Every structure is written in structure tokens, then in C-alpha cells.
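These are the structures in question, set out in turn.
Each of the next two complexes has chain A plus one more chain, namely chain B in the first and chain C in the second.
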Partner chain A sequence: MTVRATVLGVIGEVAEQHDKHLAPLSDNLALLDSGLDSLCIAVLVAMLDDRLGVDPFANDNGALPVTVGDFITLYENAAA
Partner chain B sequence: MPQPDSASLRHLTAAAGLAPGRFIADSRVRLGLADFLSDGTIALPLERFRGRSVLILCDRQLAFVRVLLQLDGIAARLVLCPSDFDFAHLPAVTAEAEIDAIVTDSADVTACMGSGMPITVCGHYPGEPEPARGTATEWILFTSGTSDRPKLVAHTLASLTGPLEDGLAQASDVVWSTFYDVRRYGGMQILLRGLVGGGSMVLSQADEPVADFLGRAGACGVTHISGTPSHWRRALMSAATDRISPRYVRLSGEVADQAILDNLAAAFPAAAISHAFASTEAGVAFDVGDGLAGFPAWLIDQAGAKAKAELRLENGSLRIRSGRTASRYLGNRGVLRGPDGFVDTGDMIEVHAGRCHFAGRREGVINVGGQKVHPEEVEAVINRLPGVRMSRVRGRPSPITGSLVVADIVMESSVGADSFKAMKAGILDACRAALPAHKVPAILQAVASLDIAASGKLVRRHA
Partner chain C sequence: MRNVLVSGGSRGLGLGIAKALAYSGFRVVAVARKLGDHLPPVRAEIEREATGALHFRPYDLSNIGGLAELVKGLSREFGPFYGLVNNAALGTSGILTNMKDAALEELIHLNVTSPIALTKYVTRSMMTGQGGRIVNVSSVVARTGYSGLSVYSATKAAFTGFTRSLARELGPLGITVNAVEPGFVDTEMTHDLTEKQRAQIVRRSALKRMPEIVDIADTVDYLFSDKARMITGTTVTVDAGTTA
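Entry: the complex of A and B
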């Protein structure tokens, strides 16, 4: 499974777990408009750390992704 | 401050009556209490210890109890080192407690050598007349539950025996035991109940398998037994609880949740089950025997002579004032009780429907995006689910919310790894039904076991 597919799959899982209604996902969609709140995004990051073995936020460079596309790219780069 | 000779532990033990059936036992021997009291232990005249500050460093709890019985009322200060004493702390403890003598049962005598102290090995010093015991000896206990160097807490025999005022089970046929080391506050309570309350005492031994301990306790006819909820969960996991048939089961030292109370009631249908609120600093404040977690809210703000301990809530935490609290920390280690005499326990309380519940420790709070989560409240939800033996909830750093809630769960042995996957959804559903979203664990992990410290408490790392 590609990193992109994994990230999108886990976004769906988190939304379902937290009873959130997901907007149709696209790369240009702002992450905070996706239907996930910040707690969901925190859970998402923790779950992706466990699934992919990477945490692109761990080096604390402060850059937070704005869009879904940015978010996926961060993981693709970190996993590469 | 001088005290009458009749107030020493030795005299109180004898005054309770030395009936032939009274005994003290450990993993190696069982001794009649009358003989135990008349045996010498220390290989020096006791007068040499008069007015001194003595570190008691014994491997065997039985040796420790002997030394305690001999030196109380003679030494100015006795420092009670538990079995997990870290020798790296010896210089700091020596300085803080102004130690000028060490008594040991020699197990680790070489470790004391560099201290420059006179070291006394337990042994027999013959033909000594009974010395006067008019000193109000200070008893120094170690705090538990922190990963830093323990603080040294000053008690007296009077503050430690205060809880015995309840008159519980003071008869010569009562046999007390505890999972605790008796040098811990919770264990010392049970030792004193055995000695001063007129019964017998079965001591635990560090590293003894729990099934062996329960077998030994059962063989000695233990009637009254205590431990932390973690001790009891481990006992239930050992499947050896049928080796004892106590009339009284006590929990203290950690929050007793409804699951552990229910499990103990099922394992010991004939026993009264009681959970006590006590800490090394605050002493025993109260105990609860109605089988329900938490305690009745009417206990708060009861004042006057009838209340054994006064309880107060301030900024959410439980404060306690009574004659059973410790007086101070040795050294420069903070304030133990405020100017009004109240000890701040650091235990956070929430009141629902007339019942006070422990929400957790103030310093153990997990901060999820600015919202507080007490690990214990989440554990209480998880622990009551079928298939769950115990759990530990902790924080995990998150770049988004600061921290996230993670639960490590020990399942019943009948639950396999595959079924844990299937059960995860049910556990999360139960958490969501009972808790707001930020308290629901983001991650659930099955673990084979959880560490329990020598103090009997679940090991927690505070970030």
C-alpha cells in the first residue's frame, strides 16, 4: 500500500472513530476543513507513527501542514 | 521530648498480652512473640545507641522488626530503609537524617563501608539489663511513588499508631499480613496492628513469588491481609487466592477502582473488604467498607473532636489534618503540612451525587490540548471491562495537542492476541461512552505485564 493510500485510509478510520463527517478529500482541502479537529489530527499522527514508523513532526521544525496534500507529502518525504 | 517508658513499641507489644498463640513469621521461620521479644539482636549494648540517629538497613524484615523493638525509646531517630533502598542515595540520606550509626543484618554491609559510620551487625549481646526507654524516638519513613530520591518523612510511634483507635480486630487469634514491606507506611500500619493490637504477623519477602507468599500466609492462618490495588491485581492473576481465606481484606496506597473491589468481593465472598485512604505524609485519613469506589462526600469538612481526621477540598485536591499525619520532611525538601496543619495530598477529587471520587494525582495529569486528563479516571473505565486485568494510562507527546492519551492494557490470560484486536473497538466504545473525546485513548496497546514498584504501586513515569 502506498503512503498516500495509508494516510487516506487512516484519516477515514480516525473520522469514523470520532464520529466526524469527512469532507470529500482533495490535496487542496485545508486539513482543518476536512472535518477532523485538532484532537483527531493528533490521533492521526500517532496512528501513522505506528503504521508507517515515521513521525515527520518529531524533529520539531515547527512547520505544520495546511492542506491534506501538504500532510501526505510530509509523510511521503519522511518515509522515503 | 521524654515520654513514659510504657509508650515504646516494646512495651505496647508486651502490654497487649503475650498469649502463647501469638507469633511473627517470615519466609524462613515462625517464632512465638514472647520469645521474639526476649531475644537480643544487636551485637552491642543498647546504651551505645542512646540519643543516636540510627539507619536500619536490613534485608530481612524480621531482622528489621527485632531492631525496631530494641531501639525504639532509646535512639533519638530511627530511619527505616525499605528493601529497595538505593545505595547511591546513602550519602544524601546520611546527611539529611544526620545518621551516626547503622544497624544492618549484614546482607549489604560492604555497601555501607565507605560511609565512615559505626556499623553494627545484628547478633546477640548477652546479659544486658533492660534499658530505660524514655525517649520519644522519631521514626523516619521513605516516601513512595516518585522516581526521584525519596523524601524522608518524620513520624512518631504515636502518629503511626493513631489509626489503631478504630479498635479493629484487636484479639490474640487475629493473624495479620500484608504484601507491603513493613518499612513502608502501609506495611507499618499492619505490623503495628499485629504487634500493638495483640495479634500475630506474617511478613512478606521481597522477590518471593506471590503464589508462594499466599500459600505461606494461608498455612499461617492469616485472617486479615492488606495490599495496594496493584498487589491485589497481581494476586488475582496468580490464581492462588484460594490459598488464603481471610475475614478482612484491605486496600490502600493507590486508588481502589470498582473493578478491583468487585473482583476481590468475588474471590473472597466471606471477607469484609475495605479500602483506606492513607499516605506516608498524611497518615490514614479514613477507610471505606461499603464495597463502592470513592468515599461519601459527608466526610469532607467534618470538624471537631469526633472526626478522626479532618478533610477539606482546596483547588480540587484533598487536604487532611489529624494527629496521624507526619510532622515534616527532613532536610530542605519542601513543606509537608501548611501553617493550619493540613497536609495537601496532591490527590484530585471530583464529587458526583454525594460521592467523592479520586480523579488522579495532580502531578500525573496528562495535558491534551490544554485539557486535563487524569490517568486513573481512564484506567477505571478500562479496568471494569470484561477480559481486562489491569491497565496503565500515560501521555504520549503529540506535535498537535502537546500530549495524547495512550493505554497499555494487560488482558486476562484467556484473551489471545487476535481477540485483543477484536476487543479494541469495544474498549474504545466504552471509553467514548464514559469519557469526553480528549480523554479517550488515542492508542490501545496490549502488554504482557505492567511494572509494579517495590512500594506496591504501579510504576508511572511523570513527564
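Entry: the complex of A and C
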């Protein structure tokens, strides 16, 4: 499974677990407009650390991703 | 078996908490700088008699930069964590004006920054499971005065604020966060007390005695039980009524 597919899959899982209505996902969609709140995003990062073995936010450097596309790219780069 | 990390779990109150939780069926991972002499016999007893387990992993908790790897390694070895007891702390005493700046920083680093960072990483491990429990070991001196413990008191008061807000943050995930506030308990940390101070503490207590390690450990054990599932964001005082 590609990193993109894993990230999108886990976003769906988190939304379901937390009863959030997910907006149709596209690369240009702002992460905060996706339907996930900040706690959901924290859970998403923890789950992706489990699945992909990477945490791109661990070193406290770099800008936080704004869009779903930025978020996926961050994981693609970290997992590369 | 549910995994619980107990910081400073190799002796004193931490070991007492680790023992109580292992008897309640938890797999406890005690983390401290050194194994020491106190844990091995307790571990042997738990292997014989308890339904849970007690493991020890050495780590210097003042090394905050290595906490993420520590928790990742433990999660790989034992599985995700269900609980955390932030017990490790320094009890350095001294009149504030005489304390060295390095001692102030060390107290705040080990008693506040380190457990908060440890909580960050262990909570991530809990987030992927079904709920969890966090207990922060505070002290009655967080809200009562005791000469010579101003910095220590400040670190313990920090814990109670941390407890309340984190309980709000993690409540939606079914993770409870509470603090336990012991009075003066007979441990290595309080061995500096003189007989006179000890007698004064006993005299001031409603029950005319000092709580023992088992009294604090049983309270933590209760907060970890299903019976305490609706308790979060609070502080439980176990001081034999000294602050009543």
C-alpha cells in the first residue's frame, strides 16, 4: 500500500472512530476543513506513527501542513 | 494484559505502586535510573503470586531527548500502553535563598518537564488503544506550606494544573487523568525529617498517624480500576487527614 493510500485510509478510520463527518478529500482541502478536529489530528499522527513507523513532527522543525496534500507529502518524504 | 509504565518504579512509593498494579493484573514496566536492591524480591514475589507482571528497564528520565525512543522501544517490546504513573521525582529541600540555581533547574527539569514529555509519548501509545489511565503523583505541599520545600511544592502544584487540563484534552478518548496527593509518607524521600518534625506531622493528622506506601499505592490502584472510570481531572488526597 502506498503512503498516500495509508494516510487517506487512516484519516477515514479516525473520522469513523470519532463520529466525524469527513469532507470529500482532495489535496487542496485545508486539513482543518476536513472534518477532523485537533484531537483527531493528534490521534491520526499517533496511528500513522504505528503504521508507517515515522513521525514527521517529532523534531519540532518545519511548518505545519495546511492542506491534506501537504500532510500526505510530509509523510511521503519522511517515509522515503 | 494491559501495560502500565511507572516512572521511578524501582523503590519507595513507585515500587509500591508497581506492586499494587501487578497484583491487579497489569503488566508493569518500572523505569528508573538503576535497578537497585528493592525491586528484584518484589518481582520474584509477583512471579509467584500475582496475576500481573513486573519488568524493569533502566533509563535516566532527565534525558528528555531520548524519551520518544524509550516509549517506542517499550511499545514494540510489550505492546501499546494503557496507563502511566508519573511518580519519579527529586525531593531536594532547602531554603530558597540558599539553593543553587542548578538545583532549582534540576528539580523543575526532573519533576515537571520530564514527566510532561513522558506523558506526551506514552499518551500517543494510548491513543491507538481503547482508553487509558494517567496518574500523577503530586503532594499535599502543592497546596499547603512547608518551609524548605518551596521549589518542590512549585513542581507538585504544576502537576495538579497539568492533570486538570490534560483530563479535558484526553477525556474524549476515554483516557482519565488524575493526581494523587500524598501527605508525608515514610519513604527514603522523607528520611531527612527529624523525629520532632515527624511527631508534629503525626500530631496534626486527623488519624494520628502517617500514611504508608501501601495506602498511596492502593489509591492509585483504585484510579486504575474500572470502578474509577468516571473519575478524571481530580486530585485525591491521602494524608491521614493532615490537611483536613
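Descriptive notes on the structure:
Convention: the second predicted complex is superposed on the first by the 79 of 80 C-alpha atoms of A that agree within 3 Å, B and C clash if a C-alpha of one lies under 4 Å from a C-alpha of the other, contacts with A are read in each partner's own complex, and residues count from 1 in each chain.
Heads up, the rule we're going with is that contacts are C-beta pairs under 8 Å (C-beta built on N, C-alpha and C of every residue); 3 or more make two chains touch, one makes a residue touch a chain.
For clarity, every value in this text was computed on a predicted model and none was experimentally measured.
Within the superposed three-chain model, A:D50 lies in touch with chain B and with chain C [touch as defined at top].
In the superposition on chain A, contact is made by A:I41 with chain B only, not with chain C. Applying the stated contact rule after C-alpha superposition, one finds that A:V66 touches neither chain B nor chain C. Of the two partner chains, both chain B and chain C are touched by A:H18. More residues of chain A lie in contact with B than with the other chain of the pair chain B and chain C. Shared interface residues of chain A, touching chain B in one complex and chain C in the other, are 18, 39, 42-43, 45-47, 50, 55, 58.
Those residues of chain B lying in contact with chain A across their complex are 368-369, 396, 398-401, 404, 406, 428, 437-438, 442-443. Remark: chain A residues 17-18, 38-39, 41-43, 45-47, 50, 55, 57-58, 60, 64 touch chain B in the complex. By the touch criterion stated above, chain A contacts chain C in their complex at residues 18, 39, 42-43, 45-47, 49-50, 55, 58. Only residues 68, 124-125, 127-128, 169, 172-173 of chain C touch chain A when the two sit together in their complex.
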